[in-house]
Amino acid sequence: MTIDLALVIDLVGVFFFAVSGSLLAARKGFDLVGSLLLGSMVGLGGGVIRDIILNVGPPAAFTNPVYLVPPLLAAGVVYFLVGGVERVSRLVLAFDAGGLALFCVTGTLKALDTGMNAIAALVLGVTTAVGGGILRDVTANRVPRVFDPQDLYAIPAFFGAGITVLLWHHGWLNLITGTIAAVVVFVLRLLALRFHWHAPLAARSWARPRFTRG
Amino acid sequence: MTIDLALVIDLVGVFFFAVSGSLLAARKGFDLVGSLLLGSMVGLGGGVIRDIILNVGPPAAFTNPVYLVPPLLAAGVVYFLVGGVERVSRLVLAFDAGGLALFCVTGTLKALDTGMNAIAALVLGVTTAVGGGILRDVTANRVPRVFDPQDLYAIPAFFGAGITVLLWHHGWLNLITGTIAAVVVFVLRLLALRFHWHAPLAARSWARPRFTRG
Amino acid sequence: MTIDLALVIDLVGVFFFAVSGSLLAARKGFDLVGSLLLGSMVGLGGGVIRDIILNVGPPAAFTNPVYLVPPLLAAGVVYFLVGGVERVSRLVLAFDAGGLALFCVTGTLKALDTGMNAIAALVLGVTTAVGGGILRDVTANRVPRVFDPQDLYAIPAFFGAGITVLLWHHGWLNLITGTIAAVVVFVLRLLALRFHWHAPLAARSWARPRFTRG
């Protein structure tokens, strides 16, 4: 049951992140192969990093071919359905938020199932959630979204990973509660984007600079 | 025998990729130490990623000191023999193509020898082949070559990994057939560069943009 | 005893690198969460890469929560104490030098304790020392410091890793000699910065170009 929960949510999360990667590939002028590669990298990267850190054998993304389906689907959807450039940046953010929301839950769950302690599971869940997006942005040669000071990115992921740890420790984690946790994270992230919620800057006394990305 | 094949082709592949890294270091104005580091990173990076994913103990690049010889040779060759800047970009591409061709064969073979299924071995072979170059370009702060839509990069690697899986499953893989597979990939890559063969763009309806790199 | 030495020096090294990451985050205009993430990435990244390559189970940075203390401290120190932008670039270099000095000793020691041969331990010590800084600079979208040809970066780390291997093989490695080795590396690095010591360029016959970073 727990495994099914992980696999179902995980594949949906891979799809969301893969769409964000394929959309970015389109915006950057990459070709269909680049779209598939960048989508795979962001969709599967966070989970691969998680599995490598957990050190429990080859990552599921490589041993289980079903993980290749979401990136293929994503590249196809973007190829056939994306019409104009104007809404793409916003779509990247929306699908990225979906991946973030699902991966902070599944990443934490996978770490807990492997026997990691609560703090390690929390940190690893956040790593899974933000890892793929960092890979995507670094590869596309721009400053990762997680560092944009105009809104909140990692804090919703921390929140979702924390909820997952709590639910798991009380035995309340199942497909429904896990999905609710992910939806809460997704909504938090979209609200942060919409209303420009932001955290204090890294140095207290500095003026908020104009943040630019590649 | 299989192991010897892997080691021989692997070391030649490391040398080719390492030359591409040291040449890029020269073009970027790095020093001799940076040339050795960037050459090592691209030459050994793909294999280290492969071995970490296969989870079969410390990567060969670290446990077997012979793997350090090709990057040292490459840095030396570039230091003494590279005369002018004009042909370096083309040389980077040629040596990169050699590394790509050999690594898609050896990466796939290593994965098959470790017991991975055919699809996983194919994906891991391509990862090995393109991984080092992505590390090189990301580190040198430019968009990885694999995303350049003007020619084909990953498709020849997919092709080579596929041939290797087929040869291996029929028991026909040896030093000769493996080398032939690598040569075919190398020639495909050079033809794609020469004649600007390219794949469709990531979004069907968009115009082909001007692709720029760092 | 050896383990205590490793942990003590390791945590101080994590703190130094984390401060360099949080300072860079401040200079780049990231927020407090970005400061914590970038500090964690540079502070813990080198050790995580080392532990993944050694393949000895989940990295200590994830299983032992004490490793999260230095990045939290570093983000706090930078938040409250950094006043103006003018001296930050120099502070990044100084703290980076401290992390480099300590990690080339602890990285080598950890590899030797795990049974790696002398050459592998040397290479892995240097990888640990330069890995975090490469992650930091690549993530912040600039060419890694290790490739700056105006001074020496990797050579002091090679030197420190070499001394550590020698001390260990003669049974002379302890808290005092290890600290002395790190101090020597730190001083070498600062002298190289101050007096612009540099290595030959990657290609012998080229003029030294103007090196620019992001």
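Per-chain residue numbering starts at 1, and chain names A, B and C are given in the order in which the chains are listed.
By definition in this document, contacts are C-beta pairs under 8 Å (C-beta built on N, C-alpha and C of every residue); 3 or more make two chains touch, one makes a residue touch a chain.
Chain by chain, the UniProt names read as follows: A, B, C = Trimeric intracellular cation channel family protein.
Everything numeric here is computed off the predicted structure, so don't read it as measured data.
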{"item": "Turning angle required so that chain B lies on chain C, C-alpha fit (0 to 180°, nearest 5)", "value": "120"}
{"item": "Copies chain A and chain C touch via same or different residues, half shared test", "value": "different"}
{"item": "Separation of mean Cα positions, chain C and chain A [Å, integer]", "value": "28"}
{"item": "Residues of chain A touching at least two other chains", "value": "52, 55, 138, 141"}
{"item": "Complex contacts: residues of chain C adjacent to chain A", "value": "22, 25-26, 28-35, 37-38, 48, 52, 55, 57-59, 62-63, 65, 68, 75, 78-80, 82-83, 85, 138-141"}
{"item": "Complex contacts: residues of chain B adjacent to chain A", "value": "52-55, 116-117, 119-120, 123-124, 130, 134, 138, 141-144, 146-147, 149, 152-155, 198-206, 208-211, 214"}
